[in-house]
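Presented sequentially are two complexes of chain A, the first with chain B as partner and the second with chain C.
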Partner chain A sequence: MAPLASRKTNLASRKTNLASRKTIIGGLTVIGLIVLWFVLTTFTGLVTGARFPSPAEFWLSLNQINGRGYAGSTLASHALHSLKLVLMGFTVAVLTGVPLGLWMGWSRRAEAFINPVFLIIRPIPPLAWIPLAILWLGLGDAAKILVIWFSAFVPSVINAFTGVRNIDKPILEAARMLGTPRWRMVREVILPASLPMIFTGLRLSLQASWTTLVAAELVGALVGVGFVLNMAQQDIYPGMILVGMVTVGILGWATTLLLARIERQALAWNVAARD
Partner chain B sequence: MASRPLGLGETLLLGLAGLSSFIGLWSFLSLSGIVPAQFLPGPLDVASRFWTLLTAPFAGATLPAHLASSFQRYAYGVLLAAMIGIPLGLLMGFFRLLDDIVTPIFDGLRFIAPIAWVPFAALWFGTGVGGPIMIIFAGAFPPCLINAYRGARFVEPRLVEAARMLGTPSSRMILEVLLPAAVPSIIAGLRVSAGLGWQSLVGAELIVAAAGVGFMMVQAQGSVQTPTVMAGMIAIGLVGMLIDVLLRQGEGWLRRRRGLES
Partner chain C sequence: MGSISFRNVDKVFGQGTGGVKALDDINLDIADKEFVAIVGPSGCGKTTCLRMVAGFEAASAGSVLVNGRPVTAPGPDRAVVFQQFALFPWKTVRENIELGLRNKNLPVGERSDLVASALKLMNLETHVDAFPHQLSGGMQQRVAIARAYVLDPEVLLMDEPFGALDAQTRVVMQEELVRLARHNPRTVLFITHAVEEAVYLADRVAIMTRRPGRIKEVLDIKAVREREKWDSHARIEDVMDLESFVHLRTHIWKSLREEKGFKDV
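Moving on, here comes the complex of A and B:
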């Protein structure tokens, strides 16, 4: 079967060609953007520093916040504080939301009992809870954790619920026929089978956590990346605004990557999730 | 056990029980004084406050007026996102080069929460109308782009090949082959956009606006008027739900018209 084999290698090499083409064009785009940034701000001055920082201004702001600090402390401690709050709120939401979703998926009674309440609370966007959270708990960490919990809770519940409902009936029936006790049923059948859906929910939850935290810190905080953004906005300090935004992006990216790695570990048995 | 659906009667009964225990717990916490009424007003207080706000102004306007000003910004932001995101997504689905150029930029920006654009939005477009519109745009744009792109990219290849064989020019290919085939995906994206845009609007108004429901809530928070804050939350939830229901209806209508299962 020589022709087929050669066709296969041809296809494979075409694939790698396409991939390398992608990286080359992507790399060129990034370089082009950086050049454009220099040209617009530094060389021609078409965009003034009052609107968008030049690379030099960005670098100065970065050095300032890393050295002397800005808005009360250094970038690292602002970032760590935000990261801590997101991880805490996210963890609480997952630990409460996933079991609730699993339970609602498992028991029609639980679903019928909880769903109406869920339906009236769900349309309220998580960000709309911020003023209430501040009224209840003030400007400190507790209010932020509460709002992050609200925002990350809903996707966790919905996806865990859907995960259970989408389990193939024969799997459940087989396990039941073999007389699997309830606890083992949950741990060894329901949880693993709904895990891919649960992780989809966790990804959405994580994203929602970051959005909510940044918003909450912009509305009122004493430390954190959102607070840096807020101070920079009030000081009309574009360089520092950009530093804050880049930090938000990097933190979001890093935590998403971490979650994806955990997902790969947890779903190592699942062929569909491996690609 | 998860296998058998409940009867209608049982569903209704359990649902009512759920709702009444929710409202009961809320009333109990508030009326018994475990949580001071100043911070957790009872359901009736919130309802009557909502009713008053329909006619009595707070923070410069009545609730419907605040909602109208919010909705205007929202509509502009989402429309702008759809008008730029959908064509760009279709073009990216057709021209590989554009895809390779835009995707890295898009991936880089994706992890920045839309709300983080607030300072630049305020700096570039002010805090009146322009700034909030930009933030709504930042929230609503990605789903428009992604879904139009996916819709165009995963069109049945036979359709594209047939059209290409007949010598269809690129412009007609996009408008008459890719666009119609991508419509279901685009509409689904619009629904997500509408939800995210509404969410971004609330965030934007909490931070920078001088009118709108979010602004009303921040003012009420500043003067510890919890019923007003909660009335604002209800109003936001209701309008968000209304938008979603309308778009769902539209989506269903479109799918039926195109002969797809609803």
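Moving on, here comes the complex of A and C:
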């Protein structure tokens, strides 16, 4: 028993070693990139400030937008505004898309009705809706929420639909055999069984929401991170462009992380999600 | 009460010239509280027989009756134990067992009493709050059997319930099922391709031909079992050594061997 047990712990410690080694390597890569940034812009001047900002310029831009503000307001209010729009558009898309996907997955008739509409609309990139949305609703929030809804809706629908269609047949049969009434079937069987796929859809929807929002704000907006990027481009201001890019990156990363945490909570029963 | 009758049942999968006849003129009557096993080569349609009683498939011709009434849809009066367990992975052991009782709108108190006795029956008391993925295959199938038993169904339909288990677990489960079936007899239709399992568990064994499946022969095991006092032996291996057991097993084996395409063990 003893050698076997020790071998087991060896294996376990090797696994943690591997994990910590991974974080170390990852950290080194990031540090290396930052050093490279310094070297290319500040120390050697191989890349001039007109092409890409040096760390110092980035820092100055960051201070400017945090203090005096840029493009009409501070970074925090630009970021919060963008975040608000993404969350609103994403939420509307999920609340409409997931039920529709579940319904299409469950009912062949619903699929037959709705699928043709989908096939026509799907090849149109969501960003192509931006001009029409602005024409309809102007440069305000409503147009952006509409466009985000368009782009985030599709992955939510498709993955919920696929989730229902991929449910193990015996699970549905077991539920029917147990005399499960219709509404309980949806709530306690269909929905949880498709939840892993639904979350895959939500992740894609969230990514699409950010992409679309930035694009919409680039085209026409009065506030928001995309607007900052647009202004900085017109001002030929690389430092501020980088500030906008980094801000979008951090916002996207943070919301994705939040979603992943919710997913882990919701799918605690799911083995596949744990590994 | 729970009887099952197959009356001149045909089953064809697909339509027109592309249709494949799976079952041909099945006739079988299972009496109340009788345990009948169907054995046959793979693809002979034995599972289809069970699925028709469950209400998952409709007969193409003839009729399938439970208590004299034709089967129209699945329902808790005909509990099914599936080969792949078919538990709800997002529900705990208790919630899995309780769902059918909630569907019957039983009051909470009655429900928890019934669940408690089902847990006890299948030795699951210590795993009440576990999720299925935390249990071994044998344990999962115990939950599935408890989920079926707790419904107090008129008939119990078991579709190769031990087929996905390892050999040791399988033997334990077979012994437990015998214990359940003898102490609390109910109508069981049991599908298997393991001959010894069928002889050990069933009152009668129906042998099917290869596709299109027909009932070739029905053997009365119960008469032999009672005459030779099989149940005085607690262990399956002791029963399997008895001459009367070996005789029946060999008979079924030979009968199945005549069907091309039968390969097992």
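The rule is short, and it goes like this: the second predicted complex is superposed on the first by the 258 of 275 C-alpha atoms of A that agree within 3 Å, B and C clash if a C-alpha of one lies under 4 Å from a C-alpha of the other, contacts with A are read in each partner's own complex, and residues count from 1 in each chain.
In this text, a contact is a pair of C-beta atoms (placed from the backbone, for glycine too) under 8 Å apart; a residue touches a chain by one contact, two chains touch by 3 or more.
Being a predicted model, the structure only gives us computed values, none of them experimental.
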Partner chain in contact with A:Gly252 - chain B first, chain C second, else both or neither: first
Chain touching more of chain A, residue-wise (chain B, chain C): B
First (chain B), second (chain C), both or neither touched by A:Leu127: first
Which superposed partner A:Pro116 touches (first chain B, second chain C, both, neither): first
Touching partner for A:Gln233 - first (chain B), second (chain C), both, neither: first
Which superposed partner A:Arg187 touches (first chain B, second chain C, both, neither): neither
First, second, both or neither for A:Arg264, with chain B first and chain C second: neither
Contact residues of chain A, present in both the chain B and the chain C interface: none
Of all residues in chain B, those that touch chain A in their complex: 1-6, 10-11, 14-19, 22, 39-40, 97, 100-101, 103-105, 108-109, 111-120, 122-124, 198-199, 202-203, 206-207, 214, 217-218, 220-221, 224, 226, 229-230, 232-234, 236-238, 240-241, 244
Touch list for chain C against partner chain A, complex: 54-56, 73-76, 78-80, 82, 84, 86-91, 99-100, 102-104, 131, 133, 147, 151
Residue numbers on chain A that touch chain B, as the complex places them: 21-22, 25-26, 29-30, 33, 50-52, 105-109, 112-117, 120-121, 123-132, 134-136, 164-165, 169, 172, 207, 210-211, 214-215, 218-219, 226, 229-230, 232-233, 236, 238, 241, 244-245, 248-250, 252-253, 256
Contact footprint of chain C on chain A as seen in their complex: 168, 170-171, 173-181, 184, 188-189, 192-193, 195, 269-271
